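Taking it in order: structure first as structure tokens, then the write-up.
A, B and C are the chain letters, set down in written order, and residue numbers restart from 1 in every chain.
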Amino acid sequence: MKTFRIGGIHPPQNKLTAGMPVTVLDLPRRVQLPLQQHIGRPAVPCVKVGDTVVRGQMVARADGFVSAPVHASISGRVKAIGPIMNAAGYSIPAIEIEADEEAHRADDVMRKAQIEFDTRPTDRTLSERHTPEELRRIIADSGIVGLGGAAFPSTVKLSPKAGHEPELLIINACECEPYLTCDDALIRGYAPRIAEGIELMMSACGARRAVIGIEDNKPEAIAALRRALDPAWPISIAVLKTKYPQGGEKQLVEAVTGRRIPSGGLPSDVGAVVNNVATAFAVYAAVLCGRPLIERVITVTGAAPVRGNFLVAVGTSISDVLGSVPDDVKVVVGGPMMGSSAVNLQAPVTKATSGLLVLAAGETRRLTPDPCIRCARCVEACPMGLEPYLLSTCGRLRMWPEAAEARVLDCIECGSCSYICPSSRPLLDYIRTAKSAVKTLNK
Amino acid sequence: MIIFSPSPHIHTRRTAAGAMMHVIIALLPAAFAAAWFFGLPAIGVMLVSVTACVAFEYLIARFVLGRRRAERPSLIAAALTGLLLTLNVPAGLPWWTVLVGALFAIGVAKMAFGGLGCNIFNPAIAARVFLLISFPALMTVWPVPGSGFEAVADGLTGATPLEALKKFGAADDFSMFCTPGEMFMGSIGGSLGEVSALALLIGFVYLLAVRVISWHIPVAIIATVAALDLLVGARVVPNLLGGGLLLGAIFMATDYVTSPMTRRGMLIYGVLIGVVTVVIRQWGAYPEGMSFAILLGNGLTPLINRWCRPVRFGKLQKEDAV
Amino acid sequence: MTSSLLTPVIILGVTGLVGVVMLYFVSRRFRINEDPRVGRITTQLPGANCGGCGLRGCRDLAETCVKRGNLQGIYCPVGGDEVMQKIAAILGVDVEAGRPMVAVLRCNGTCDARPQRYEYDGAHSCAVMNAVAVGSRGCAFGCLGCGDCVDVCAFGALSMDAATGLPVVDPDACTACGQCVKACPRHLLELRYKGPRDRRVWVACSSRDRGAVARKICANACIGCGKCARECPFDAITVADNLAYIDFEKCRSCGKCIAVCPTGAIHSTLPPRRPTTQSPTE
């Protein structure tokens, strides 16, 4: 079975919500929609305070090519446009919408119908109506960004330079993060629709083949995909041996194709483009059903009061999703390896949120760091073939040029080194500092 | 109160202290064999050494370096050093010599360099070499092994297989001296821990099973020694089983702090130690060359690390352009 | 007997001779002709290599000013005017006296004013904490308390005060090299003129949150009310983004603003004038 070759770790899977279907979470009465839920320039509001908006209406337009618009995820009235606190506690610009009672009920009815439609058998003739340009425009206008966590605007990825069309579209269904099962649940429930989304993406970017990279710890999802895919289609499944960080773009491309993206390069350098499986579903919903990206599946897991895979409207506050959380916990937005830790639970769920993980203090609290014993576990674990102990020391001692020379910018911040360090040293913490310092110096 | 930190938010359960405990456990068969062949006093010497090393570590950390506390892994590492030190000296070494060795191992070879993780040379090996050079007479008196936890009563001493080999050369007289079976089980003269190849191999299998060490260094050393012995026409079996080779290759050369980081580096390091060992044994003045070879390998480790960087993911784009 | 003595003597002699010849040629080949003034200037400099002058270290400063032949734009904040005079003498040029500067902390979010809200569990570094979240005290602009500034100070002029959780600048030890200014991820340390007779006034807060929000997070925050700006007779105070700033070029250290500040966010080194004012602490 295939996998990437350098480094990698095997943290305990802890997929507590595996096997749970996608559950629809009720629409909230109030949403906060950050203007920047993606990489690139923030969106520009195109509504005013007091305006009435309907669910799915664009409330902020993209500012340039590398940007994404934001749509209202509930119907109601624009209450405020201004700063809110994000999960880290920093202030960010956002649009706040308050639900209108009557419209709210209508939204509910509409949403139920949409979800019901998604589970029906597929109609394949629909996808041939659009040219690649039209497809890319719809994807851009629907505010679709990479749903794996980085939230890079999908149109950018799907718009190859003329003559450099990717030969291969790789769909990332690895979900290598422990705990998270949202992609798994999505595939098990909506595999035929994902297949349609993949077809649309292929015609948008001109790729002639597509491969779905999925780890062997999701047998049900693999079976669902096998059922949904006609062997005659140019879409195949690559079952990969479970290893973290297989979902890293560079690792996945290597696992699937055997080719390594050069340092500082992109998948297009080896003729591939990588998109998340949830993004494929969003493309289907946008192109074939006209639904912009206003809701997504997230995994709520760990010590949360209610666990599950929920379909959540973007902009719902974290505390609305989680309910009450006990004291002395860490709330992680995303997975336990790469997710960020939240301090403000009033902050909204965004397009990039793949999960909410509640970790009890006992599970997550770090041990006191001991001296480095030069065991080289971090070197063995690093999927980029770097020397984390060295980079971390450079970061701690502020030796930026040395860090740059040791290729700190190649670091993908997967956290394997910090995870594996037997002396519990905070390796990645300092590597990240070095990375951002080197980036600033290079500018 | 909500806790926050950078990612990752989970951590492996394996700790440095745990890894060292595994090494100590892996040494227990060898320690048992030492007690079996050289009597209960051997256990006494081990306890003295372990206690002394831990005590020196604690005292130096607290009162010489002025640290607020001595970290737990450092103390366990000191215990391991103490155990390795006694396994590397002959039975019947006076206890004060062991204390001097322990002080050198912890005080000079380890703490003077900055403590755990900063030492260049393996403390136990450095101390053994220090004792060998300082007290050559005491360090080369080899009691004849007894059995069943009883030492030979009248303090009979003899030669180690390697000393015999040096004396007899490749002549047939050596076969009369000891058999491969004796060397494998351990009823031969030698340092406390090195006599029983069986006990050491059990430890090796254990260390591999719990993934504390990888096979690269020990296998590289042993294979190099075997191959070179064949090449120069030395006796292979006594060279592998009769001296400190296995103890050194499995437990001393694999010390994390003083051995290279990458697999490629480990192989180079192993081959280097193997070659030096054979050269010293074959043409040098000492019948045993393992400790010197490991010290030399330790000294070269930073260079090897610099030479053998890990294989990096993806080519540099600049390199492509050039 | 003679030969056994002679052999080592010859071997040693020949080895030595070969070495001498090699050294001679190597030193000829790699000789660098350096202006002797560079060495003399370098010995005058403090030798801390702190980079406070904006160059790469003391030797770089010496080389740069010898190369340029003047001292325009070059100033060693650590050595101060005294050292600059000596360098000027070596170069044979005149030098203007610089105004001595000192680092001040623009935050007074003490443990009492800004109690801990979240528990931080990462590496003990402000830069790391700043990248994760607002910090354990909930203020997005204030001091994080891990002491990155203390770590980089080469002169021991900074120390953490356990009672307030904030760093303290020792104005006598501070050389205004600016390393702490660079190290603080929130740019809370600022180099300001030491002021006439060491009297200086500054706003000890950097919060650009709206007044109500800032006040909720920290009792000592500047709320941007602008009273100080109206009070200032020299137009030295401006309020922008809910934050007052005292221009040290214009400030005459009269201290009128201190009395009107409702939150005690303005700190100074003036002797306490009236018992009613918030005691200015440093």
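One rule holds for everything that comes next: contacts are C-beta pairs under 8 Å (C-beta built on N, C-alpha and C of every residue); 3 or more make two chains touch, one makes a residue touch a chain.
Not measured: the values here are computed from a predicted model.
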Selected interface, A-C versus B-C, where C-beta contact pairs are more numerous: A-C
Longest centre-to-centre distance from chain C, chain (CA-based): B
Centre-of-Cα separation between chain C and chain B, whole angstrom: 50
Chain A-chain C separation of Cα centroids, rounded to whole Å: 41
Where chain C touches two or more other chains, by residue: 117-119, 121-123, 128, 131-133
Residue list for chain B, restricted to those that touch at least two other chains: 1-6
Junction residues of chain A - those touching two or more other chains: 328, 330, 340-343, 364-366, 426, 429, 432
Chain C contact footprint on chain B (complex, rising order): 1-6
Contacting residues of chain C [partner chain B, same complex]: 116-123, 128, 131-133, 136
Of all residues in chain A, those that touch chain B in their complex: 6, 9, 11-12, 178, 250, 254, 260-265, 327-332, 334, 336-343, 345, 357, 359, 361, 363-367, 370-376, 379, 382-387, 407, 410, 413, 415, 418-424, 426, 428-429, 432
Partner chain C, residues of chain A touching it in the complex: 87-91, 328, 330, 340-343, 364-366, 396, 398, 426, 429-430, 432-433, 436-437
In the complex, chain B residues that touch chain A: 1-12, 14-19, 71-74, 77, 115-118, 256-257, 261-262, 309-317, 320
